[in-house]
Structure formats: C-alpha cells, structure tokens
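Structure provided below as structure tokens; questions to follow.
Read from first to last, the chains carry the letters A, B, C, D, E and F; within each, the first residue is number 1.
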Amino acid sequence: MCLAIPARVVEIHADDTATVSLGGVRKQVSMALIEDPAVGEYVIVHVGYALSKLDPAEAERTLALLASLDPTEAAA
Amino acid sequence: MKYVDEYRDGALAERVAAAIAAEVDPGRIYSIMEFCGGHTHAICRHGIEDMLPATVRLVHGPGCPVCVLPIGRLDMAIELARRPEVTLCTYGDMMRVPGRDRGSLMKAKAEGADIRMVYGSGDALRVARENPGREVVFFAIGFETTTPTTAVALVQAKALGLRNFSVFANHVLTPSAIQAILDSPEVTTTGSVRVDGFIGPGHVSTIIGSAPYDRFARDYRRPIVVSGFEPLDIMQSVLMLVRQLNEGRHGVENQFSRAVSHGGNAKAQALVDQVFELRDSFEWRGLGTIPDSALQIREGFADWDAERRWQLRYVPVADNKACSCAEILRGVKKPADCTIFGTVCTPENPMGSCMVSPEGSCAAYHLYGRWRDMEKRA
Amino acid sequence: MGPTDRSAFPRKLDLRHGRVDLSHGGGGKAMAQLVEEMFGAAFDNPLLAQRNDQAVFDAPVGRLAVTTDSYVISPLFFPGGDIGSLAVHGTVNDLAMAGAVPLYLTAGFIIEEGFPLGDLGRIVASMAAAAREAGVSIITGDTKVVERGKGDGVFINTTGIGVTRPGVAPSGDRARPGDAVLVSGFVGDHGVAIMSTRENLSFETAIASDSAALHGLVAAMVEAVPDIHTLRDPTRGGVATTLNEIARQSGVGMVLDERAIPIREEVAAACELLGLDPLHVANEGKLIAICAAGDAVRLLDAMRGHPLGADAAVIGEVIDDDHRFVQLRTAFGGKRIVDWLAGEQLPRIC
Amino acid sequence: MGPTDRSAFPRKLDLRHGRVDLSHGGGGKAMAQLVEEMFGAAFDNPLLAQRNDQAVFDAPVGRLAVTTDSYVISPLFFPGGDIGSLAVHGTVNDLAMAGAVPLYLTAGFIIEEGFPLGDLGRIVASMAAAAREAGVSIITGDTKVVERGKGDGVFINTTGIGVTRPGVAPSGDRARPGDAVLVSGFVGDHGVAIMSTRENLSFETAIASDSAALHGLVAAMVEAVPDIHTLRDPTRGGVATTLNEIARQSGVGMVLDERAIPIREEVAAACELLGLDPLHVANEGKLIAICAAGDAVRLLDAMRGHPLGADAAVIGEVIDDDHRFVQLRTAFGGKRIVDWLAGEQLPRIC
Amino acid sequence: MKYVDEYRDGALAERVAAAIAAEVDPGRIYSIMEFCGGHTHAICRHGIEDMLPATVRLVHGPGCPVCVLPIGRLDMAIELARRPEVTLCTYGDMMRVPGRDRGSLMKAKAEGADIRMVYGSGDALRVARENPGREVVFFAIGFETTTPTTAVALVQAKALGLRNFSVFANHVLTPSAIQAILDSPEVTTTGSVRVDGFIGPGHVSTIIGSAPYDRFARDYRRPIVVSGFEPLDIMQSVLMLVRQLNEGRHGVENQFSRAVSHGGNAKAQALVDQVFELRDSFEWRGLGTIPDSALQIREGFADWDAERRWQLRYVPVADNKACSCAEILRGVKKPADCTIFGTVCTPENPMGSCMVSPEGSCAAYHLYGRWRDMEKRA
Amino acid sequence: MCLAIPARVVEIHADDTATVSLGGVRKQVSMALIEDPAVGEYVIVHVGYALSKLDPAEAERTLALLASLDPTEAAA
C-alpha cells in the first residue's frame, strides 16, 4: 500500500482534484495536499492523492550524475 | 513512463554497480538498513542484491505499516467489521493478516461481514456518501506518507457533516521506529544487528522532509540517505552511503531530491496537525510499546473517530510463537531464518504479518527471492 | 415449429422493457419461449434444432478434447467484449490448447431474476456471433433463473468438444529443459481492461480486452511445428501462474527475460498504479507455447504470420530445476522469482 | 505429483473450519490446491489426472449424445440427495433419454464466498459417489468463486457425453397417434420433497426425492424394445410440461387416464395443500416413454423388472390433434386439459 | 385423503349424473351461477361439465378475490412494495395480476422490490418478527373465508406490540357481490344474463353460515345451495338446485352440512368484528363501486393499517380496453368470448385478472377447458 | 388462494396451534378460529388457519344420500 508513482497533471478540476496521466493511463486524484498544481507538472501519487510535486531539474541532475559515473574507472 | 523508466535503465545500473564495486573497501562489511518496505519490495523485484558486492548487506527494516500493526489492533478492526451496522473499508493488504485465533478480515468477510477493499480514504468517503444507511469505517494505517490522505478525508467528512463516516486510526511515526531500532539491545549491546547506515523512506520524506533525520545522523553517527523507490535510486543511495562510510561521514543526504525537500510538504503537515495529535503510546509489532510513536484523532474530530464511537479497547495479543516477524522487523532475522518460512507460512496461508503485504520482508522474499535461499542451502 | 410459432407463444418476448423473472426458469411455457425465441433463434443449427434435452451426432474420428468453463465476469460488458463472446473464446481456446479443432459448444445460463431481456439478447447475439466466427455450433443448452440477490446478472457455462489432430499432442507435462518459451503477444490487456471499469479503481485507458478465439493461430502453429510440447492460454493468474503450473506438471524450471516480454505501456502503467505484476494479469486472447529450442524460430515465424500472433516473442527457456522455479532476468539486470498469483487479484475477470 | 504434494501446498485444506474465499477462484495457488485436494482426490481418474484445461481421449465409435445442465437447487441438501448427486443424476438421465450409454461428465462449480469447505467436501463426495455408481468419469472441471451475495452457496454445471446404441433413437418428435405413453413410477416425489423444506410452506412428510440415474433402467428398456419412440425425464414442469413439449415437437395430442397415473398419497395431499397439480411437480428419477401400442406390454414388463421401474404404468395414448392438446380423463369421469406449467411453480427445484 | 377422496368417487359421480339427467325437464334450460372461483376451478379441473346435460348451464360468478380487485388497489400495493423500507408479503396469486402500464408485483420484484410470497397472514407475521429493520406489509385480500385469518394476525401483532407489521386490507363481502349481480341490468332488464339459482360458496359459509343468503332466496326468488368444493359436492348441489327449480321452490339449502351451519363460526365473526368495520364504498372490478361492500381496519388497529401509515390514496384506473374481465365477472361473457383469450392473453402474459388466479374463469378455462371451446369452434 | 381442505388434528400445541395431518402430510396451523379443538377431529384448513370443524355424521349422511340415488331409475 506504500506505492507512490509520478504522474503528469493533464487537467485540473474545480473540486481540488486533477486528472493525472501515467503512460497513457488517466486517473482522477485529489490535489488537497498540493499548493498550486498546474497542468504539465508531475506529482507523486499515493492512494489517490498527490503528495508532492516532482522537480524536473532535480530529476535530470540525478540522472546526469548517474550517467557521469565512469565505468572504465569502475571496471578497474 | 516518464520519471519511472529512466530510473530502471539496465545500462545505467551496470555503471552504478561498477562504481559501487570499485568503491567498496574489500576488507569491510557495509551493513545498510532500508527502513521502508517499499524499498525491500523494489530490491527483491528488480533483483538489486545480484548487483551488489557480497560485502554490501541490506538489512530490512520495520517500515511496513501492515507488518508493524500488532494483532490487538487488527482484532479491533475485525470486531468493528463484524458489527451488523458497520461497513469496514480497508486497504487490500490488510485482508489476509492473521489476527487472534487465525481470524482475518478475509475470513470475517467470507463469514458475512461487510468489508470493502478500497484504493484510499477518498473511496471510503464515497462509500459512506452512497450508503447513508450504513456506518462506514475507514481502517486507516500507514506512516507519514499516508497520514495526510486520511486527514483530508476527515476534514472533508466534517465539512460535509457526513455522520455515517468514521476512521479507525493507526497512523505511526517513522522517526520513532528508527529510534527504537537504534536504541534496541541488538544494536546497542549484543551487536547482533549491525546498522552502518540507513536508506531513508523517500515517500515519507515528501511529507516530512529530510530534516527529522538530522538528529539521528548527528546523535547516533549513522549516515542516512533519503531515497527514491526506483532501482537506480536505491543503487545510487547505496553508493552514497558507501562513500559516506568510506569517508567516515554521517550526514543526511537527499538522493530523492526530485520529490523531497528539507522541510517537506507544509500544507500536508498542517492538515495532519489539524486532525491528529500524538498518542501517548502505541504497541508496535516487533518494536514493543513506544511512547509518542503514533497519532490519534483530535477532540475536534471526535465524532468521526471510530475508537470513540464504538468505545474500542485495545487488548494486546501475543504473536504466534512459531513466527519470527518481530525479529525480522528489528533486522535480527532474515525471512529464511524463520523455521516455517515457505512451508507452513506462505502468502496463501500467512502466519505472520510480514508474509502478507508485498512490502513485508517475508512476502517479498517469498514472491521474488526464495530461490536465492534455496541456492544457498543447497 | 419455427421461431415464429405464435400458436404456442402468442406474445413475443419484450426485449425493450422485459426482464427475466422466475417463470423463465420454471420449466414451463415462459422458459420454452425464452429458449426458442432467444437462444434457438440466435444459435440456430441442425443439432440444436433437435430440441431434445441433448444433442446427438456422429462421433468424429480420432481423439476428442473436452473442456468446461463457467464465466462469471463482472462487468458483463467491457471494452473489447462481453460475457457472451468471452464464454465462446475462453472455451474454444481451451480446446485449441490441446491442438484440437473446436467443433461444438454447450451453453448453460444462470440468470438473476430481474435481468433485462434486452441485455440478455445482446449477450446471446454476441455469443452467437463469436461462435459463428469461430466455426463452432452451440448444440444444446440449459436455462436456470435464480432469485434476485442469488446471482449476478448472468453466469454462463460453456463446455467445448473438439477433435485433435494426429501427431499433435501438446500437454502441460511435456516441457523439457532446453525448450523455448513463447508468448503470442502483449500480456495483461484483458485484466487491465476489466479493472479499468471497476468503480473503486477507476482509471481510464484505451486498453481493450484481447478476448479472441485462438484456434486459427494454433492451426498455423501446428502446421509449422506439429510437435509443440505445451500450449496454454494464460487466463486467470496470468502468464506467471500458467508458467508455474506447467513447471510443476513437467517437473522443470524456467528462466524468462523481462526485456523480451511484450507489455504495452498502458498495461505497465496501470500495473504500477495498482501495485500489480503484469505477469499476474489475465489474458483472454494470448497463448503460451513451449517447443524444442530448434523449433522455436519456425514456430515464432508461424505465429508472427498470423494476425493474433503478430507480436509473438520468445520470452525464455525451460531449465532443469528440482524446485520448479520460474525465474526472471530483470530488465534492470538482476534475477527474481516469478511466482504463482497469491490470493485473488481482483474479483471475477473471467 | 499426487494429492499429497506438500511442497506445493504446505498446509492442508481446513475442512473443519475453512471457508471458500475469493482466492479459491483467483486462478492462483489456493485454487490449484482446492482443485487438487478436493476435486482431484474425489473424482480421481486417468483423464482428470491429465491436469490440463481439457481432457483428451479416443472418440467412441458411433453417435455421441451431449447434454448440459446447471444445478441451482435450494436447499443444497434435501431428503433423498444433495446438489452433488443431483448434478450427476440429472445429466446422466438426459443422456439416457437419448438411449445413450453415459461415459463422461464435466463439472463446473460456481461457489459463493464464505461457503464452508466442509459442505463443499460433502457435495463433492456425494457427486463422486453418484458418478462411480453410474459408471461415469468426471474428466475435466472448472472452479469460480463469486462474492458473497452474488451466488447461493454453490451452483454446479455438469455436461455429459455418451454414446448411443445402434438402432436406438428416441426423440421428442417421434410420438405417433396410437402410441402408448408410459411413466416409470410415482410422480412428484422430488418436487414435494424439496418444497417440504421451504420455510414458508413448511410441512412434514416422509417423501424423499426420487433422484436417481436412469440409464440402467433405459438399458433394460431398449433391450426389450429397441424402437422406443420417445424418452424424456419429467424434471422441471413435471409430467404435464414434458408431455406438452413432446406433443408440440411431434405435432400430436395425447389422452391420459388420471386413474392410471401413479401418485403417492403424501404427494397428492401435499399438492392439495399447496394448490398444485402433481403433474406439474418435478421428478428427478422418473422417465416418460412413448412406444408403439404393440410394444407397450413388453416395454412395461421390462420396466417393472428393473428396481427403478417397479411402479411403471401405461398412463395414456397419443392421438391425432392439430391443437396438440394433452388431455386427461379425470378419475371423476370428466375430461380436461393438462397444460404446460404456467409461471414458476416454486423456485429452484433442480 | 379422508373427506376428500370419497367426494371424488367416479362411480358415485355416475349415479348423480344419471339422477340429474333423469330429473331435468328436457324442455327447460337450467342456468346456474356458481358464485365462487373455487367452484369454477373444481368444475374445470374434474371436468364436471362433461357430466351434466346440455341444458344445465353453469355461469361463472365474481367470487374470486384476485379477479375482483380493481387495478387501482393493486397499484397501491405495487407502490407500497417499491418503497425501499417495505417488504410486501402477498399471496402468490397476486404476483402476476397486471396493474397500470402493464406493471405487476412480479415485475416490481424483478426490478428489486422486496416482495415475498406467503402462504398466509401467519407467515407475514413471522417475516415481520424476523426482520425488525423492515416495514413488513401484508397485502390482505379475500372474501369472508380469509378475513378472519387477517383479523387473527392483526390481533396478534397488537398483542405483541409488533410495530413493523401492517396490513393493506382489501377484504370484500360476498352478499354485496351477489346483490350486485341480481340488481345488474343484465339480470333485471336486458336478460342477457340468466341466473336461475346459485351454488353458494361453502368456505365463505363456514364463517358466515348460510343465514345471510336467506334474504336473497326470499326477495329475489332464487334457490341457493351452499356447496362444498369436491366434485360430488358440486354435482349434488346441481341436483338440489334442479329439484328446487323443478318444484318451483326458492330456498337456501345446505349441501355442505359437514362444515357449514346456519349461523356460521361465531368466534371468527367476533374477531372480524373486533378488527374490521364496513368501508363506505369499494370499487370492484366488473361490478363497479358498491357501498358497504368491503371492510376497513378499525380505529383501534390504526397503527397496523398500511393505508393510514403511508396515507395511500386510491386512484381508479380503467381496465384494459381489450379485456372482458368485467363482463366475465358479471356472467355476461364466457372466457372464449373474449377476443384475446388464449392468444394475446395467456397465463404467462395475462391481460386481465381473470387469467391469473387458478380460480379466475379465464385461467381455469385456459388451463383445463380450452379444448372444449376449440372443439365447439371447429 | 381460496383453497381449503379437511385435515385431522393430531397434536394440539400450547400457542393455539395444532399439527394437522392430511394423507400423511403434517402441518402446523393456527386454531385461533376454532372453539375447543380436539385430537382426532377434522377441521377445514385455509391459508394456515383452521376455519371450522368437520362433522363426521353430516359427512356420512351426504355420502349415504348420494349412494342412495337409484341409477336404474336414472338410466330410464
């Protein structure tokens, strides 16, 4: 039950909910825990609620860091 | 799936694995506890152990809310569900957890209790609105990740004046559990559990931030890396811990920076604070009774508190003697150390809570990893 | 005595407003009319027209395959099909998995009081169309009605009879170490399509059930490789459970390659959302085939040459393993077990 | 791989306290265990032991008879039998009514969540015993579990396969004017036994269901008179409905003699109390036979020579009648129609 | 079955038939109305018409409580049954009677209304006791035979303080119906209905005795024989009527003397009087609105009166235009005279109430007697 | 529903009910409408209630009357 997964906000509804999309699957979730959600942003979704926004720059930074690890050095 | 698939990339995994292999000190054991059952699950599902050097040992922690709930609290839920006027809404994971006398919510349901599996508290609210003639109780469990979602439901129920809805609250606190581990005799005295550092639960930290761990790192001199849940996140967190350990550091680092800040989600924290307050003490399976380690519903929401509405009383029940869940939750044992793992105790007929939720160590090992133990034994 | 015999049934069934009531299962005239005007008309064929409590026909020469399944799916109508077409496809497929040519079906209906006659008509029409398309005849049937609250709309049992081909004898106990494991296409579509309709999980996806009759695909496969060792359709419990069953029956292990398993992105995403393993999700138009390694390429080609096998893939191999484990090399680079489905996944996907 | 394979199923089914839950229908390990330990053990035979999703066997030579019925009786256990034995007898009888030798049955179970495993075990044991006694094998099966409130304990579908005897071809459309109409014994026992258990009708009687497999009786009958024109078991709707069906199929009328119809006093009395016609009450171990008048005595003798036909009687004759009425000369001296059952009699007698 | 079989004896029947044949005046028509549907049913079931001379004509009367209830009253029951809190208990015969817009209790049940078929008022009481959370309403219909059994249930409910039980009362009075027939223009003016004498309903008279018929015999100069329901009873009653007519007498005679007295069952009458009082007027199908022809629940039992509890209002509804039930209930037509008898209107799909109860003329003819009409037509 | 049928009283119970027997079928019915029912007596049963007692002498008298009808006279 501790599952949480990033999804993109595709539509914001009046009742503090939003439709999010994950790999083509759309689901309506609560935005009650999020300040100012916006279409196009990614949020972490857990048991039908968005928990936090996802920061694309930080996501890139993490991946870049991983990619920068030097396998040749490692293989040594 | 953006922000998922990238963090499962096999080629990048090889790089990280190579880096870890290169950076570990061959003469040293790195004993790392992943606190969270979500991490345990990901480790087993993706086969991460196969990619780590033998000297990096992952110790599974108590961070599974299904696993740590003691039998007595489950029995309260079963008792509630059996009341003819009650519809109990629960996360599916709880259905098979064994209670007293081998009872379970699944069996109570088969015997006629009205029990519905829900995806979250929002669905329970919907059930209550659609069934005005029923007393709908949401069986709320979870760490800080889940607590705010229960808080939202309670605030909404109060705003709607929805009198046939209530919550049986069992929310528990991550820092209390970490402290219990660090203060346990196995860690402090006997040394039978070695925890050199922690992989911190990233989803918890989306809410509470990384700040609450600062004092553990400082006071107990253990590095902590708050980690995401994809396999590359975990591998990277291991690498970060190895580096801290190699360098003799013990700070809190944030691997899951794309979703976690130091302060966490203020809006969620405010909601939790509005609805919940500290419970004087709470019994955890495996960790014992810990003061200030769980939450209860505040007076202002008393009308939506199932414990008050039905005057539920907690009666402690001893765990099944054959079951080693308590030791597993403290990191003292691994699933295969339990004498009934995979024989008497299976996911179909669980004897302990750790065999139920996919985040329980025994279940994760049974589902994904038991060939490994068989190989070792053979 | 045709479907328009108005002397026996002066008023036609009211498909617009009518509902099934207990008299439709009472054995009397109302039942006779339902059987004649709805089932008889839709399934029409000479054996059914015998109108006895059984059908009698010349036994085919050879070996017979017989299978039975009850369909209790909820909802009755779902993206990609309905309980009627499913009840034909599922049973035709169990015949096809013996390498048999499906010939005949029986149909047993258990209908809940109050079920709209119009919906029943739609289901029966869909069943008839599926049977026609699959080239099988529904030769005898049965109708029961249960009180409201004692059923769930309609349950359908179909029993299938087919005749096997000489020299073709796939069976769950014939997988041998070294054999190749193939799947005929994307896995998990049916289960995800069904789950998407469930109120408490509600999510939207373009995924439709893969429900389809596979005997045509099997015909192409056995023509290419008569000695297929094992064929099985991974329905309830999904690919994972089916492979475990086979491993157990044959006394072998398997190793699968996660990267090779065809899974649509939407299916993978829905599974992430729900915490499910796509290998545990049901399929209704896919098959698992196991054959000698040397036959694998020929078999794969034959599968890909058929529309229902266009996305077929070799996903693993059979190994020697006393523990009969099905293992998976993960895309990430590790290894894990692929276990039987434990507990129920979600109720009533077939 | 036998029923005691504890490596796959470490804990035995708990027949004393266990209940069926949704996982028993989920397609996973719990279902595999139920199928193996309960159904597999009770029905054990080589074809079932193939453990595939179908059974494969050499086709018998000749003409096959195939029939299907779902059993939804309430209560599940009743004086004289239970749903398990009934599910065997009913389907065996539909084969016997084609003059066929019953060979194989399939079994499809739809079980309601919460049903006691012990009760299921009793039903399965009774079914196995009935099949053994009837000399038929249950060769393949299916298990579904539906949520509580979506079923009624257990429903069973059985489909039967038999092989007909050369020169024996009874059919509902072969009744001819002048033919004799026979019944194999007392009518109405089954329906009255079931009704006596219903709470809102509650009456006490010593009557037990006549549920029995009739193929042995039929064997004796066709040996004496191979050219029996029509055989049918008067189940739901009773003798009256069955005769009307035959009259309609054959395009004839009939005249019965009320005094000749064997009815037990308790059955007659229960029918008086409830306002029912015993000719509308269900039987599960009786048959109607129609033969040329010249064969009637021989057929009657053969029937009376068999334990299940000891009380057989000629009850009427077939006449020419465009209206296809079944008429009755009343014991009182008048004449009336014997009509189809209208509406439902009482729910779920089979 | 003692006291049943003896009265169905075929040999005795031949004697009575012969006596009737011998005693009828060949030049005279004997037109006899059997008031009661129970008699109609027995006549058809045993084929009595075959045993009477052609000059003895049986005219079927309005004595079937299912048949005479007008659509508007049935609609009230359907409306009640549709209320979510109500469980309606009804005699099975009412289930298929067509109401407004082709509705029926059977259809309401199929659509989800909680409707239970009961054997009698005692079962309805039991249902109420076993389901304290439901409003259990007994749909009471019937002539004087049945009324006391409803009265008993009401007295018991009051004694038990059973507040979730109530009765929707539709009990009607036999003498009112006989009077309506005798006063109808078809009898008094046009002569299209000829009633030379009556076979009186013996079961009604077990309760009310034979006395209430004395005035009809006297004032309308028609012989009346109160008759049992076995075929020999009916045959004997016909013989007794033939004799009275031959002799020009018009008295009340009691063929059913084994169960009927002149005064009837005083205990039952007292119970009925305790619970019920005359209703100002009641609409009968076929017979129109007749003052003082039915009963209503007294003030003292108001709490158990469904009409009061739900403030039910009667809305008259015209019968189906194609249906001739009204004429059949007055004896003006026979079933086969209805243009849709056996074609559009059948027991499976009844268009009128007379095709539903086995005591309805159309149903009895359809089930048992329609070959007769076919033969006549051919 | 207007069915009524004679049955013999075989056992009287405390709650104003009795078990009656008809051709071997036993059923419990209300005696609330009957004065002083006794075992062995016959009653007319309708919708679960005894409506009246059956008088055996009268029953015999009726049958005797029927039997006394002279068929030879009738045949004439």
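The criterion applied here is as follows: a residue touches a chain if its C-beta (ideal position, glycine included) is under 8 Å from a C-beta of that chain, and two chains touch if they have at least 3 such contacts.
From a predicted model like this one, the values you see are computed outputs, not experimental measurements.
Counted as hops between touching chains, the shortest connection from chain A to chain D is 2. Between the contact lists of chain D and chain F, the overlap consists of E. Chain pairs D-E and A-B differ in how many C-beta pairs are in contact, and the one with more is A-B. A centroid comparison over C-alpha atoms places A as the chain most distant from chain F.
One simple way to say how far apart two chains are is to compare their mean CA positions; for chain E and chain F this gives 21 Å.
Computed centre separation for the pair chain A/chain C is 37 angstrom, with centres defined by C-alpha atoms.
One simple way to say how far apart two chains are is to compare their mean CA positions; for chain B and chain D this gives 55 Å.
Chain F has its Cα centroid 83 Å from the Cα centroid of chain A. The multi-chain contact residues of chain B, meaning those touching 2 or more other chains, are 1, 4, 14, 119, 123, 346-348.
Those residues of chain C in touch with two or more other chains are numbered 21, 23, 28-30, 265, 268-269, 272, 275, 342-343. In chain F, the residues that touch at least two other chains are 1, 3, 5, 22-23. Inter-chain contacts occur between A-B, A-C, B-C, B-D, C-D, C-E, D-E, D-F, E-F.
In the complex of the two chains, the chain A residues touching chain B come out as 1-6, 8, 22-23, 30, 32-35, 42, 44, 46-49, 51-56, 58-59, 61-63, 65-67, 69-71, 73-76. The part of chain A that touches chain C in the complex is made up of residues 1, 3, 5, 22-28, 45. Against chain D, in their complex, chain C makes its touches with residues 1, 8, 21-23, 25-32, 50-72, 74, 94-95, 97-98, 100, 104, 106-110, 139-142, 144-147, 149-152, 155, 157, 159-161, 163-164, 169, 171-173, 232-233, 235-238, 241, 245, 248-249, 251, 282, 340-345, 347-348.
If you check the complex, the residues on chain B that touch chain A are 1-4, 6-7, 12, 14-16, 18-19, 21-22, 36-38, 63-66, 91-93, 119-123, 141-143, 145-146, 148-149, 152, 203, 206-207, 229, 232-233, 236, 255, 257-260, 265, 267-268, 271, 357, 359.
Considering their complex, residues 1, 4, 8-10, 13-14, 17, 44-51, 95-96, 116-119, 123, 231, 346-348, 358, 366-371, 374 of chain B touch chain C.
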